[in-house]
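In what follows, a single structure is set out as structure tokens and then discussed.
Letters are used for the chains, namely A, B, C and D, taken in the order the chains are written, and counting of residues starts over at 1 for each.
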Amino acid sequence: MINKLLINEMKERVFVANLALPEAGLVKLTWGNVSEINREAGLIVIKPSGVPYQTMKAQDMVVTDLNGDVLEEGMKPSSDLATHVELYKAFKEINSVVHTHSKHAVMWAQAGREIPAYGTTHADTFYGVVPCTRQLTSEEVTSAYEFETGKVIIETFKDGALDPLAVPGILVYGHGPFTWGQTPKKAVENSIVLDEIAEMACVTEAVNEAVRPIPQYLLDKHFFRKHGTNAYYGQI
Amino acid sequence: MINKLLINEMKERVFVANLALPEAGLVKLTWGNVSEINREAGLIVIKPSGVPYQTMKAQDMVVTDLNGDVLEEGMKPSSDLATHVELYKAFKEINSVVHTHSKHAVMWAQAGREIPAYGTTHADTFYGVVPCTRQLTSEEVTSAYEFETGKVIIETFKDGALDPLAVPGILVYGHGPFTWGQTPKKAVENSIVLDEIAEMACVTEAVNEAVRPIPQYLLDKHFFRKHGTNAYYGQI
Amino acid sequence: MINKLLINEMKERVFVANLALPEAGLVKLTWGNVSEINREAGLIVIKPSGVPYQTMKAQDMVVTDLNGDVLEEGMKPSSDLATHVELYKAFKEINSVVHTHSKHAVMWAQAGREIPAYGTTHADTFYGVVPCTRQLTSEEVTSAYEFETGKVIIETFKDGALDPLAVPGILVYGHGPFTWGQTPKKAVENSIVLDEIAEMACVTEAVNEAVRPIPQYLLDKHFFRKHGTNAYYGQI
Amino acid sequence: MINKLLINEMKERVFVANLALPEAGLVKLTWGNVSEINREAGLIVIKPSGVPYQTMKAQDMVVTDLNGDVLEEGMKPSSDLATHVELYKAFKEINSVVHTHSKHAVMWAQAGREIPAYGTTHADTFYGVVPCTRQLTSEEVTSAYEFETGKVIIETFKDGALDPLAVPGILVYGHGPFTWGQTPKKAVENSIVLDEIAEMACVTEAVNEAVRPIPQYLLDKHFFRKHGTNAYYGQI
């Protein structure tokens, strides 16, 4: 039997996190989706597909098992669900995934470029470049598109030996950003940061064509000021 | 005798759709207009010319026949009415037309360039480039400007063998965007998408001068994920 | 004796027009000022200098004679008053002047370039380029700066044989825009249009480096669709 | 014994100034901090580290002595406190410091360029370029990062023989802006101005690649119109 209380709490968190996207200016119309996983309970909760934010309710969030099979009657899940499922299977440390078409991150995804770490705003959240996947092949797109989108993200992290908590997001070539985190709140914040640093980076290059990424020691300093056992930012 | 109930419903929809334009940041001052057609009833309803959005009421919407001849006493219709009429005559599948001077679409229209399909945000709504008309000739502008604006849009679609529902909008050279759809709500959404992808596209080119449009198979995938008999996005 | 009723009406209009500037996003902090003239009554009303918009009241507007000499006890007038006075003396057709540091117009003023007429949004309000003054000389700046700012605007219009109602604004080199009109409402609208077309123009050039201004016949069509005896835009 | 009334007044001013940053669009999430010093009372009040603006209260502001040692039990101070302390020690004329990651100022900081004085909006607040520090060395970053950030700002002002009240802000290379002033309100205003002129400057260069800074006499005119004994802007 499914724990109703647990599900309702997950639905409420996922609902609030989804609403945070248009509030932060990251989502127009029905673009974007947030999910949360509870591995112990074997549950994923995700935004329903194509439902307007204005009328969406917490109870509309869709509940699936860890393979993305819907457990309750009701709405269809986000069409990007299969991507979320693959990310949860590969990245055991994360509990929430966010996908948006936020404009500045999309600009870099469309340009097919990783975002260099040009400053400490970037380093506070992303420990190194924000990677960009290779382009999906015709076969990948026509066979199981959303599944393969997850796979190419995982491939990029494997090839680059990247840690999903140290680099909590990526650009999918020609498409847009996915971010994640240990909570829906944190995953949404990472989407906010990603769009902001994407915007900053493209103008930085316009202002100085010869700009270089910040040195490794500054990247280390800012990232570990906020993350890991020696972090000293915040109230903890 | 004209069906008053039908007209009031059309006026309400057109009114709401017009107000959605400044809310979405697509229209300043009195720029922009939305119309709706009911071919069976022989009616077009369109925004009055130059009326401020703050004081405009649903009853101010102007009712015309299918040739654009005003049927009720009251306000003058939008000066762009003749363009709307020509589009309705040529594009039988559409029931609403929107014109704005939304800034990013205008930038491309002024540049005289079609917008390449650089990403899936574009492909979700526009199946291929957003076309740009040729420049109107002196004779066309001085004789029947708004009528010829409609004609050059139709010419562009005919020359490119384009489907108005697969490419629900265009840039008029040196002027700005027109979009359309099967409902006023959808036509307005297409204006929102058009301005967003216009903005994304110009920065995409700045970030990567050698950027290429997405491959045809990705364009196919995203467009037909949302449109046609095999669509699987949304709740239907 | 000064007509109190007339003054209060002028103050109210000037106050409302000044508040419209930050609402339209054209003014930050205390930058920007609007004035109105009544030539018959021999009165100019202008925003006080450096007063925050949040606490400013209609009664704070400053009343001067046609030479800019203050007529009532109270606040000091905007430091740009002398520029307004010179414009009123030279341009008899105008009844209101607006000055802002709206960012996109300032970008062109700082670049020292006139804004080409790249599209119909421009042509609807400005009949030709938005001119940019020459740089003021050291002597002009150090002697009577605000007076000379007015003089160089007038010089630019004289040299270019420009009509202030056909070209209702200008960029002062290295400084920013001044616009005007027959009413404060119209002068503010012209500031809104100027900033919008300034933004559009710079990206237009980025999207197409070889872009050309729209042809004269399209400029004529759009301007005279809204202005003069053959205008047919709006409800009049 | 510490004067409770004085501390509460400082906390309230610092709290209000911190809230002004997200309101002005200069701060996202928990980025940014404002402090105030009272040298006579031997007190500094600063924002707590990493506390969300939505739930932050005036009483959460952290009180320290002039060396940055916390005087009350409660929250941890901003991790940038050591930078503020160094600035207060070196710049005796200032009573408040603001740090943000406002996007346009960060773009220039990441580009490692000082901002040229391209116009009067700049000259009204900054008497000359907005300087950019050199890059911190690995040793500086790893030893006492925030302290050294303060030191490199002071070094830049010393090397350039700059007056902190004439140039009330700086860009830290690869990081972002610090501004200051005689009050928290003024220091925040200087952050608003800095971000605005940073945005204007980068587009100015795009519009005119050969743009030159304004001449010294115009810089003098605008700065001294608002500052010093001959100032005539405002109501004083």
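What we mean here is this: a residue touches a chain if its C-beta (ideal position, glycine included) is under 8 Å from a C-beta of that chain, and two chains touch if they have at least 3 such contacts.
None of these values were measured; they are calculated from a predicted model.
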C-alpha-based rotation, subunit A on subunit B, 0 to 180 degrees, nearest 5: 90
Same or different contact residues where subunit D meets its copy subunit A, judged by the half mark: different
Inter-centroid spacing, subunit C versus subunit B (mean Cα positions, whole Å): 33
Cα-centroid distance, subunit A relative to subunit C, in whole angstrom: 46
Residues of subunit B engaged with two or more neighbouring chains: 206
Subunit B-touching residues of subunit C, taken from the complex the two chains share: 118-121, 189, 192-193, 196, 199-201, 203-204, 206-208, 211, 214-215, 217-218, 221, 225, 232-235
In the complex with subunit A, residue positions of subunit D that touch it: 28-31, 48-51, 75-76, 79, 101, 103-104, 106-113, 135-136, 138, 141-142, 145, 174-176, 202, 205-206
